[in-house]
């Protein structure tokens, strides 16, 4: 970024009336939504973004932004935003969901929207379990990780290994798609990924997908130190952070790359 | 209340009974009469016997499938069996003469064999077999005239006749031959 | 403080106001800030700092696969000199019905400093049941090398027990609020 | 932008399948988006819609399942376009999830159901077994409108009406047909609704209106989840009050020969065609019989049916289901000492012969 820019404490596109937000202390959602808010501000698209949020902790964001927002059903945010985008391609639509919504109950929607190269941006928050229902196993739960439905730790023999979401999306999309995995441990990089995902939609190139590794101390039962250890050391063993697929036009784009 | 004429056509897939049903219903409709046509379209529509239910009348038609046909035409052994539930004592039952008689419905007063398959093969062409059946239906019911049938065929196949006028001639002969086949049979 | 984030059905929230009227400070979400339709509930920020408060602090850890590890959510819980982790045992629950079950359960919880015999059957509790609980919990405590801090009993039955239960553990008298906590 | 050509100009009589009729009617009603998933017997609605699409600038997407079809439809609605879908049987089961969201958020939507046999995969041909599901499905209160059609003319008229009802009252609206209606061919008069004085209710966007949210206007924050019982209770009761207020404007039925009748046959959909023929013929023969046809199954024409039943007639409910219409009838007549008889044939068409026999028996007091 050129010159000195003073970041406002709260993105302009946030809705001050609904702050402080409702997420738990230490929750990563706030960081992801800050990155999204800043990306919206920088791209000056607040007047044409529609934010769709899923069920799970993501629904707590239903009144988070000064942006038109629709809260849908569990797993169904992707199709709502697909239908909206196709009905009005002028809108910039963001489908915001957790790992349960995107990788379990709504997988068919994610897979097919990606395959069709729908011009939408999906932001999926991966915190390795179902937060709002009380900490059950998700497709992203790490081997050995305790959850309420794997009280003795996830046994990969019985329930498999963590889903490789961005890698899957990258392998089923064509060249116009943008796919990345960021982490709330690197907020500047994450913001860069989200911004590029939005730019890719604005350019009408194709499906844009960002998985954000995120924290859930409440259900991990971790203190601050262990929380960061888990996201930086444990999660990254299975989830590789970085851009997975970048359209050539976007790769050549000027100076938007953020390496955090 | 004037009852519509109820016609059931039953044949093997590829024998073209649905096209015959459609032509009859459309021609009757063009003439300003009430008409309703529905095929059977269950999972069995892929392979298996094809049934077509046609009703032509002067008042709006009631239920799309009838219980008893006025005229039933069955073009294979299996078609005879499949059409049996819709055949009553008052039904005129027409079947191809190649069909063995042991499957035929019991208690039907008007049971008529027509050598449609044989005639179409020997005198015309197997591809106009169903058009001959159309002629037979017309000959037996008079729901539409031969001319109306020819117009309906023209609407469907006119574009092909442009390229191959002999095909038009073949179709016309098939309708007429079908009418002849059933003349005096009742 | 309500730390039960797994299954908050029996939590303190519905009776928060009533408890506050009696001079308690209750750290739990108000009903209108619940999780929009789901059972799980985000923790309020002040939960993290609960141990910085004056006076007696009671943390309801709830249940869950992580046991007492839930205390990690509270700043300073790992090193606070006065913090005691007490496992509340009801032998009328099938998961903790035998000495072996109680021992296994407590070991699963992680750090535990003592046991409380809270054996009951709601409205149908009898003195015999409480005493049976005292015997089993005390036996389990010996195997675990932990003290039994108390036997708790509702105030209606307390006079029948006296100051100590059959195993000599002190008796604490309970006034039940939880029947009003259903929501 | 040049005005788009109208899908149906003037008025013309045509002979086609019911599924084709629905596609034309939706286009004539100003529908712009169809999102759908293949299931027999409604597929041809999508087939014809996709053929009309390029000429009239219509949007279509074949989705990955009926859940997606329903939710993309709602996305289209939120963006301000009249959107619809069509399904049947197991697809209708899945469709209840998006439609319950429409109910809760008071979103208009049109869904055409061509009923097939059930439960489960059943058969793909015909039945009237989706009455309960379509009228009362979803985890809610059945705050929707259901039109049951019985002819191609109905399919045309009520598909157009469904769009107007949905967008005027903002309750999801169903057109309940069946496999026979979808697949059979019969004559229908197609017309430009505006030439007949039918005003097409315009669609408004719910999101993406002009101005920056929070600066020029409040943001649209649309949700269907509530925190506590009382909050939801208020929201639901508001919906119920609205629904009950407009129900009398929506409800429709058709009756014949009920005055002085000893037996009144109650039927809807394709079965009504059979009942109508039988009743009219018996009337000509002097048999004291009439018929009552609910056109809206939700809201149900309860008041009209109660007036019929109050005269002490015996009612005969005839349906291709095991008492699903009868359940609505009995609920409507609750408290009245009316005799309700049933002729239930789940998954098959009811024959005119058996209807006539049953009516005669009931007239004679049997």
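As written, the chains take the letters A, B, C and D, and residue 1 is the first residue of each chain.
By our rule, contacts are C-beta pairs under 8 Å (C-beta built on N, C-alpha and C of every residue); 3 or more make two chains touch, one makes a residue touch a chain.
Nothing here was measured: the structure is a model prediction, and the numbers come from that model.
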- [ ] Between A-C and A-D, name the chain pair that shares the greater number of C-beta pairs in contact.
- [x] A-D
Task: Label of the chain whose CA centroid is most distant from the centroid of chain A - done: B
Task: Chain centre separation (chain A, chain B; CA means) in Å - done: 62
- [ ] Could you give the separation in Å between the centres of chain B and chain C, each centre being the mean of its C-alpha atoms?
- [x] 82
Open item on the list: On a C-alpha centroid basis, what's the spacing between chain A and chain C, in Å?
Closed with: 37
- [ ] Averaging only over C-alpha atoms, locate the centres of chain A and chain D and give their separation in whole Å.
- [x] 39
Task: chain B residues counted as touching two or more neighbouring chains - done: none
- [ ] Would you give the residues of chain D that are in contact with at least 2 other chains, written as numbers and ranges?
- [x] 223, 225
Open item on the list: Touching at least two other chains at once: which residues of chain C meet that condition?
Closed with: 33, 35-38
TODO: Spell out the residues on chain C that touch chain A in their complex, using ranges where they run on.
DONE: 5-7, 33, 35-40, 42-43, 45, 47-48, 64-66, 69-73, 75, 77-78
Open item on the list: Give the list of chain D residues in touch with chain B in this complex.
Closed with: 15, 40-41, 123-125, 151, 179-181, 183-187, 270-271, 273-274, 276-277, 280-281, 284, 349-353
TODO: Flag every residue of chain A that touches chain C in the complex, lowest number first.
DONE: 20, 22-27, 55-57, 59-60, 62, 71, 130-135, 146-148, 150-151, 217-219, 221-224, 226
Open item on the list: Going by the contact rule set out above, which residues of chain B touch chain D in the complex?
Closed with: 1, 22, 25-26, 29-30, 34-43, 60-65, 67
Task: Touching residues on chain D, where the partner in the complex is chain A - done: 32-33, 35, 59, 61, 63-65, 67-68, 71-76, 78-81, 83, 97-98, 101, 205-209, 211-215, 219-225
